[in-house]
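Chain IDs A, B, C and D follow the sequence of writing; residue 1 opens each chain.
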Amino acid sequence: MIPVGIVGGSGYTGGELLRLLSAHPQAEVVCVTSRRLDGKPVISAHPHLNGFIDLEFQNLDAAEVAEKCDVVFTAVPHGSAMDVVPQLLDGGTKVIDLSADYRLPSNIFQQVYNLDHRAPRDAVFGLTELHPEVADATLVANPGCYPTGATLAAAPMVNAGLVESVVFDSKSGISGAGAEPTTVSHYPNMAENIQAYKLTTHRHGAEMRQELGRLDNNVKVSFTPHVIPSVRGILTTAHLFLKEKIDATHVADIYQQFYINKPFIRLLNNIPVLGAVRGSNFCDIGFEMDAERLVVVSAIDNLVKGASGQAIQNMNLMFKLDETTGLWTPAVFP
Amino acid sequence: MIPVGIVGGSGYTGGELLRLLSAHPQAEVVCVTSRRLDGKPVISAHPHLNGFIDLEFQNLDAAEVAEKCDVVFTAVPHGSAMDVVPQLLDGGTKVIDLSADYRLPSNIFQQVYNLDHRAPRDAVFGLTELHPEVADATLVANPGCYPTGATLAAAPMVNAGLVESVVFDSKSGISGAGAEPTTVSHYPNMAENIQAYKLTTHRHGAEMRQELGRLDNNVKVSFTPHVIPSVRGILTTAHLFLKEKIDATHVADIYQQFYINKPFIRLLNNIPVLGAVRGSNFCDIGFEMDAERLVVVSAIDNLVKGASGQAIQNMNLMFKLDETTGLWTPAVFP
Amino acid sequence: MIPVGIVGGSGYTGGELLRLLSAHPQAEVVCVTSRRLDGKPVISAHPHLNGFIDLEFQNLDAAEVAEKCDVVFTAVPHGSAMDVVPQLLDGGTKVIDLSADYRLPSNIFQQVYNLDHRAPRDAVFGLTELHPEVADATLVANPGCYPTGATLAAAPMVNAGLVESVVFDSKSGISGAGAEPTTVSHYPNMAENIQAYKLTTHRHGAEMRQELGRLDNNVKVSFTPHVIPSVRGILTTAHLFLKEKIDATHVADIYQQFYINKPFIRLLNNIPVLGAVRGSNFCDIGFEMDAERLVVVSAIDNLVKGASGQAIQNMNLMFKLDETTGLWTPAVFP
Amino acid sequence: MIPVGIVGGSGYTGGELLRLLSAHPQAEVVCVTSRRLDGKPVISAHPHLNGFIDLEFQNLDAAEVAEKCDVVFTAVPHGSAMDVVPQLLDGGTKVIDLSADYRLPSNIFQQVYNLDHRAPRDAVFGLTELHPEVADATLVANPGCYPTGATLAAAPMVNAGLVESVVFDSKSGISGAGAEPTTVSHYPNMAENIQAYKLTTHRHGAEMRQELGRLDNNVKVSFTPHVIPSVRGILTTAHLFLKEKIDATHVADIYQQFYINKPFIRLLNNIPVLGAVRGSNFCDIGFEMDAERLVVVSAIDNLVKGASGQAIQNMNLMFKLDETTGLWTPAVFP
């Protein structure tokens, strides 16, 4: 069993790591930290895990955690991870960081987050299907939830050099905003509504540009996020404007070849829905064409493929396990 | 035009008073107070009223408000109203208090709210259909939302002396908990859920016991509230255990006679739903019988008949207007 | 009082016409037809209108309806309206048709709906803010719900000749799909989901192209609709790609001038939300810019400004009433 | 591996059996029948199982199914199961029937369902915690969803002889009504609503009376069901009127002893919520007391502990496996 640590385990991504790891046959969570809940049972923050985890939250001692664990998931806010990750790495453990701190080169990070990067390290961007080199990484920067769904939707066409520009119009469940009550997450504000926000300035745009730019340096990327009255899931509507008209069969071929042997990508003949991926690590992808554009839709669970599930997928590769170990469960529908 | 003041106008009941009064042909809101938002436009807290009210929030000066207004609605938390209401009354204005401070005799209030009553005054309990003496009151204590729906469901049978005991199992939209985000109102906690709370100790039970006790001193009243993933509305399932078996026609007669000439009570041949009352001042009532008990269901909009609408209904009577003035609008469905 | 008829009054737009007209001081509904519910009380289909309308549904006799009414709203499916509208017009009444039958020139209609047009007539496209000539029309083709929100969002910029192309990504409440249960509207399919559909082929695209094409013949229009787990409302995210960069103040000026004296357009400094328009006839508009594009968001209630409210707005103009008569009510929030 | 058949596999309970069995280490689904979908891939009805099951639906041949399978789950409507179950049993397979046909003695069944029972057989009522004799059954009648949550909430107190009467006020997610769209499940009817139905006559009351009557013949049972705007879950509020006052510690003891070694019953110190059981086989139970009554709240997932999960729990016992095999997974929250 791989001894696993979770730093910052009181939020939704922490809870989801614990939920998913409770079914993992080769990994065992041996410590979960939370400054705020130090000494409290982990199930006090995650009552749905009652019966599945007996640990108490502890205050973070990076050296001790590194000592105990072969891999540590850091699920702390951006700007905080950079204070923890280097100590953990220096303690000899592998780290999978779910924050934004290691996803971008430091200069870009500083621009986008308006924050000095105090402790840059080499990291592999953990969008598993695009980065097989995760297998050899000691530090993986797990991608943002929006960039995961958006990049996977467009990557095959961009990689084929066929895309002039893409507009990502993404719709996320509100769990992406975290476990703390806010004005946005207040039920009367969210129910019977859909909230567009940061229409042109959401930070996740930078990850999309980085990843798609790697495939085709000239592609233009626009991104607008929304929150919908749903808890889990991100549906991304990717409006792709192509350099030339191609036919639908060709598009289907491009996707199939690009995602061959990628077990968590399911290519559909129809339009994905959130219900078919909820609670699972799948990314479902479907599309329709007209003369002017290709519209690709992807559906993920933001807390699984968009966060904790993909983190475990990365862990599997880093420990030479089958990519699907502990993650091969269907969605919970209805 | 009756000059109207609203003390504590930044919350949901304040907003609902403003919405409803914007359509009232005989009343005009002339001041709205809020300590927190002093100087800000009223529409900053209520963007849906953009175009309907030009006032700014002001800090409360009770003497000035009493001077300007013929009637003042106080929509402040319980425990605060008692510091404001007497000053307003002494300033010569009528007051309709939406807090709990004047609904119960002071000794009961102190027991139930665990709070000394610093300023008792005579008040009429503003459950309009049961208290025609509202017309002559200078201080009306507007009832709680749960007591409104529950009492109206059971009153005719209790008044007829037929009820041994009643269990009110009430289900409320989350707007009843107010405009401030809380753990309970956090979308991921409320969606796909229903939360029972204060299973045996909710304070509104005292109002139900007072009002039904006036009709039959021996009736036993139990009450359990829940919040459901809806914004507006309270559905009350009243399980009435009768002293003797009676037939359904007799029950229907009792309700019709009791609510004759009560325009906001609609007696149905089927089971009420929240959609048919949303946004309106109606209380819909329906029932079914079996050998053992009579199950009566009532549906109200908690912010209208359960709060601001009933307050205006009371104002109408206090100013010798038709009870329905400004309130005769259908529900918004779907 | 203007005597009003409603042909096809059992659905959601019929119910909404009845709800709104119940508050109209100058109009009175004198007949409501429904083949299926002939002889049944209107409130059997619309229980929320209990107390507001005493009529029974009747089978359609076009001559009789035209005789009785000065204006008739036709709320029947596309393809059916063309069998009714000409008879009504020939009977001497004005008609406001809520179906798609008279929105497009017959040749375009035939292409888009794959249906011969059996009875073309001259009609004015009833997007009120863009078509003041509604005032002189005898037949108004009330626009689709999506085209209303989308066109209003983009029209000022297109009219200014500044737009190269626009992507409308629209999100609608499910009430737009009507009162009949379907697989899409089945609660377990809709809850916690968002369903993209007709990614490139929705028929409402033709209306957008027609209306924006009138303002600038060269603008390229793309449209993808979604249904969200909400009952009412359409939020349209309009991604506008401009011919040249302009600054935000200039954009604001263009919108203000274009919509001067248009009481139902509210230009916001922030991003519109559905809650602020629910139940009302407003269209709220806000925007943000980046170097590459202008993102404009509009919010309407699909059943009001997107259908029945705008139809009454048109009626007001056709009868030389103030545009806002009977419609000047704020949204119901929360 | 135990070869398993599912008769009537196109609905929600069929889908849930497939989902749960996909994780069961000792059972393998070898045939799934559906008359309507004969020849279609199972994933055409259950797209969320894409990748987890390769079978096609087949038309039912009872002899063949019995031949192939060691156990068959019948998930067909009540009134149909009695035409299938005897043939399966006679073919030598064990049967777990999820319909109502074998839950009640035939005479009671005929009364309650107003239907002659054409093929009575001996069956064990499969409320696992109360019926250890399931282990030796060849036919298990899996309980209704409401009776599961309600009976488990009240059984310990009734068994202790302390309960005079109980009112079950239950709130169910709409998935309990099945996969076919209906007026009740139409999103605009269900959203922002809660629908009480069959206030005094729901058939599941008979199962509650049977099971609690076994523990104390004199207890009076009332039951009113509701559907709430949630997909999964049943929260039951059990209002227990006791013969004598007892203290809360005593109550807690009674529950702990009654449910000792019952892994799927979690006794809480607070009030259960649906989120903590969603997708899992747990029944969470909590309570509060006042002088007059004990209010016990139970939470289950109606499709798991209320149907397919409990069915598999029964299968485990029937095959001498650990009760939790394949079912020991936490809820999916948020």
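Keep this in mind: a residue touches a chain if its C-beta (ideal position, glycine included) is under 8 Å from a C-beta of that chain, and two chains touch if they have at least 3 such contacts.
Since we're looking at a predicted model, the values are computed, not measured.
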item: Joint neighbours of chain D and chain A, given as chain labels; value: B, C
item: Chain located farthest away, centre of chain C as origin (C-alpha); value: D
item: Separation of mean Cα positions, chain D and chain C [Å, integer]; value: 46
item: Euclidean distance of C-alpha centroids - chain B vs chain C, Å; value: 36
item: Centre distance in Å when chain A and chain C are each reduced to the mean of their C-alpha atoms; value: 39
item: Multi-partner residues of chain D (at least 2 other chains); value: 12, 175, 179, 188, 191-192, 229-232, 273, 275, 278, 334
item: Chain-level touch network, classified as line, ring, star, complete or other; value: complete
item: Touching residues (chain side chain B, partner chain A) in the complex; value: 12, 174-175, 179-183, 185-188, 190-192, 229-231
item: Complex interface listing, chain A residues touching chain D; value: 12, 15, 19, 22-23, 46-52, 175, 179, 191-192, 231-232, 263, 266, 273, 275-280, 282, 303, 329-334
item: Chain D-touching residues of chain B, taken from the complex the two chains share; value: 167, 169, 171, 173, 188-189, 191-201, 220, 222, 224, 226, 228-233, 235, 237, 239, 271, 273-275, 278, 287-290, 292-293, 295, 297, 334
